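By written order: A, B and C. Residues from 1 in each chain.
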Amino acid sequence: MTFNWLSQIFIISLMNLRNIPQRWGTSSVAIFGVACVVGVFIAVLSMATGFQRTMSNAGSPNTVIIMRAGATSEMSSGLSYEQTQWISSLPGIEKNGEQLLSSAELFVVVDISKKTTNTSANVSLRGVMPAAFAVRDKFNIVEGRNFEPGKNELIVGRSAQKQFNNLAVGSSIKFGQTEWRVVGMFESGGGLAESELWCDAKILQAAYRRGNSFQTIRAKLISPSVLADLKAAVAADPKFNVDVKLETAYLSEQSAPMTKFIMGVGYPLAILMALGAIFGAINTMYTSVSTRTREIATLRALGFGAFPVAFSTLFESLVLAFVGGAIGSVVAYFLFNGYTVSTLNFASFSQVVFDFAVTPALVKQGVIFAAAIGFIGGLFPAIRAARLPVATALRDNG
Amino acid sequence: MSNSATLEKSAKEVPASNEVLANDVLVSLTNISKTYKKGKELVPVLTDINVKIQRGDFVALMGPSGSGKTTLLNLLGGLDNPSAGELIIAGQRIDKFSSSQLTKWRAQNVGFIFQFYNLMPVLSAEKNVELPLLLTNLTSKERKAHVAAALDLVGLADRAKHYPSELSGGQEQRVAIARALVSDPNLLLCDEPTGDLDRATADEILALMQELNQEQQKTIVMVTHDPRAADHARHTLHLDKGKLIQE
Amino acid sequence: MKYFYFIFKNLTRKKVRTSLTILSIMVAFLLFGLLRSLSAAFDGGAEIAGEDRLVTIHKVSIIQPLPQSYLAKVQALTGVEKATTANWFGGYYQEKKNQFAQFPVLADDYFDIYKDLIKLPPAQLESWKKNRVGAVVGRALVDKYHWKIGDRIPLIGMFPQKNGSTTWEFVIEGIYDAKTQGADTSAMLFHYDYFDKSRQFGEGTIGWLIIKVKDPKQSAQVAAAVDALFENSFAETKTNSEKDFAKSFAKQFGDIGLITTLILGAVFFTMLLVAGNTMAQSFRERIPEFAILKTLGFSDVTVMLMVLCESLVVCVFGGILGLMLAKFIITGAAVEFAATLPGLGMSWKIMGMGLVLVILLGFITGAAPAIQGLRLNIISALRRN
């Protein structure tokens, strides 16, 4: 016999694969199992990825958020007018000519119904100062215009407009006794702000009887390195009584519980399911080996090596897993990619709108996952195939 | 053509210590035929078999492959119904039995011994032997006693706790014989019981069966194509192409 | 049953395969238990919420305060048996992660309106009322933070005091318990009066009104009457039954809950499919053995029952393990999440549902091979050997 291993493997593998239709039942269960595992794996991770992308895209490493000391979120923070004025004396904040790049803001929630369910949802309404647009890097109005200071006008985030009722540009919406006109729609790099509605801070103060107080300040730093100085300056003077945080740090703090929840559910789930799928694959491959006992024995009697026989079994398992993984990825992609959902972010007590993101990296992870299942599932049956005692195998079924 | 008398003639006489009790017929086949459907064609396997087997007999059933030996054995064991004819065993016309009647009948009347022993691999020797007794109303204690006696009879009392994988082929077959004996059936049916054994072991098994026949008065029908095995029987029947042949 | 030994032996024949099957069934039912308990906890608030209680909030959103004067006006409406108020405090204990509900309330009225759900020993109520900075806490909080009566609890709240400090100190004067299963005991209650007089801004406002109606059938009319009362004022209201209020809040989590449910459902069925297929496979491999049993005189029905029994044993064993593990995890988590998900627990109803599913699974998995066993032709099966 002058077959080399490669051609032996090729011949046997081809025979195995042709044999699959005879074992369609268990093979399709294996494929289905792997497809489900990979699909769920990708779905859960794409949810986490999408949520995280929305939260982190919003942050800029140059922007700080200043809240009352100990405040857990923008919602629970509060700053007096005096506090907001003292900030201008702090070091390290960038200026645009004479104008300090800092915006004192108000953050409230309003009750708007969701388009999909028509049930009420807490939507963030942010009152900002003119500098707010310069503080944020990726902000631009894509439809309509900006609000005019002093008027009851709103601009709405792209995601908010998609998800909630009555937010089309040109429409008006009533919160309590105040009627607002939606004059523009904005993007902010896919970030959290796109789930929000914005208006003039002064108007919001009046509408919500907040006097002259604010809740937070967002400010742009000259460079990230001045953060330490800024923090030191704030700590040195007790009258400030505020916390200074990088916006990115704040947002990751805000998204942590949700991301932790998704990951906490997702990964253990994926591992548990993978066990099930590996188990399905092992079973399928054992069946494959045992139905081909005589065939394998005959091949071995003809002089085929043990390794090619084992490898071809492993190969079959990998093929099944890849097919399953591909089906799972494709289904997950079409079902979930770009799927917009919203949920209540507990930390800010308001809705976050985000898209599922099935990224190439996730698909790659999914395929690797499938390969691992196929490998483990095929390994032991492959060893069994290699060790099959030729003589008994021939006689038993003979 | 074939009747009890011809059987007496055709069967080869063997030396026996105990003479078979005459006129105590255990098995009686009258004009038994069996045909199988293969596609649209009817394939005759057995044609017009007439045989009587006395209680306490030891009959070897010989013939070439495809002669219908196993089919005849299956009919005797109530695994299958004849297509035509009358089959009476211990006074019961089992050819008219339904499948569930046959099941019950088998449990009480026959013990099977196979070429490949067919022991349950998950059960120890004693548990294998106990299996048929589970179908009776015996208490666990009584069952244990019967099992011990049967194993003792086949000379395997010391292997009771062993699993089939821990036994040699001959020992496995002894366990199978004990299993066939344990419920004290009217008839022991053996399909090539020595077919998978070496000469020496086969002789031991055959000697055991002969002993069971002579000392325990067990009626045995054994399918074999080994003439040396057939030598242990009292009578031999020859089948060819589904018919009994006279010598 | 004298066959159990045989069934047990068959189960232990391929230990790895059987354990893996049991394991995947366990996982499936673990998920089932967790999932059902979670969603029951989410809906639980709505389930025990009284039909005869209404909640009035600011029409714009729940975070907007209402004037305290609304209380007297609502009390005066016909059809209102009693009304009281509560506020949001939004504080945390020691660390930011220790957030739980704290409400400034009117002591007598609050416990009166919620007397069907929670109870406080009368002596503790009295001593609480005598202490201006006193507070009562729910059992779930006490379990979590190991507090006791007399402890001083500093909270960092979202409301600054008049002196600018956001740290409020309370003294525990009582511990209240749930009267109904699933009632929330994860809140801290203290005196509205003390809170209102001490805070820097917002004095004279309340968070929401809780109204008990005289006749539950009149709920809708009373709700409409309350909202009509404040129509066109600067603070319009939205009044709903407590049940609807709880439901609509749960819906805010909306899509995530649904998606998680769908995904877990998919997992559940995949695991079952894999396990079921494996068991069926293991039966198929043993068909020659079934044939031998039948040769020995075991009836069709006995063989079928043995197959069913085996599959039931595997399913029930795996399923009960999973359900018990779920119960264990949920019980552990209930303490941890008492503040965020009150009423988290695995009820007997869920257990029972799980058991029914387990048995159903056992039957379905065993059915195909059992019927195969029933129809088995001994002769051809023996020949396969």
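As a working rule, a residue touches a chain if its C-beta (ideal position, glycine included) is under 8 Å from a C-beta of that chain, and two chains touch if they have at least 3 such contacts.
Keep in mind the model is a prediction, meaning the values are calculated, not measured.
**Q** Make each chain a node and each touching pair an edge, then name the shape: line, ring, star, complete, other.
**A** line
**Q** Select the chain at the greatest separation from chain A, using centres from the mean of Cα atoms.
**A** Computed centres place B farthest from chain A.
**Q** Based only on mean CA positions, could you tell me how far chain A sits from chain C in angstrom?
**A** Their C-alpha centroids are separated by 26 Å.
**Q** Would you kindly tell me how far, in whole Å, the mean C-alpha position of chain C lies from that of chain B?
**A** Each chain's C-alpha centroid was found; their separation is 66 Å.
**Q** Determine the centre-to-centre distance between chain A and chain B, using the mean Cα coordinates as centres, and give it in whole Å.
**A** Averaging C-alpha atoms per chain gives centres 72 Å apart.
**Q** Would you please write down the residue numbers of chain A that are in contact with two or more other chains?
**A** Within chain A, no residue contacts more than one other chain.
**Q** Once bound in the complex, which stretches of chain C touch chain A?
**A** Within the complex, chain C touches chain A at residues 17, 20-21, 23-24, 27, 31, 58-64, 90, 92, 96, 99, 156, 158, 160, 164, 166, 201, 232-236, 238, 248, 251-256, 259-260, 263-264, 266-267, 270-271, 273-275, 277-278, 281, 285, 340.
**Q** Touching chain C in the complex: which residues of chain A?
**A** 25-26, 29, 32-33, 36-37, 39-40, 43-44, 47, 68-72, 75-78, 108-111, 114, 116-117, 119-122, 175-177, 208-209, 211, 213, 241, 265, 269, 272-273, 275-277, 279-280, 282-283, 287, 290, 341-344, 346, 349, 351
**Q** If we count contacts the way the header does, which residues on chain B are in touch with chain C in the complex?
**A** 74, 77, 79-80, 99-100, 103-108, 112, 114, 116, 118, 120-123, 127, 131-132, 134-135, 140, 179
**Q** Touching chain B in the complex: which residues of chain C?
**A** For chain C paired with chain B, touching residues are 2-3, 5-6, 9-10, 12-13, 288-289, 292-300, 378-379, 382, 385.
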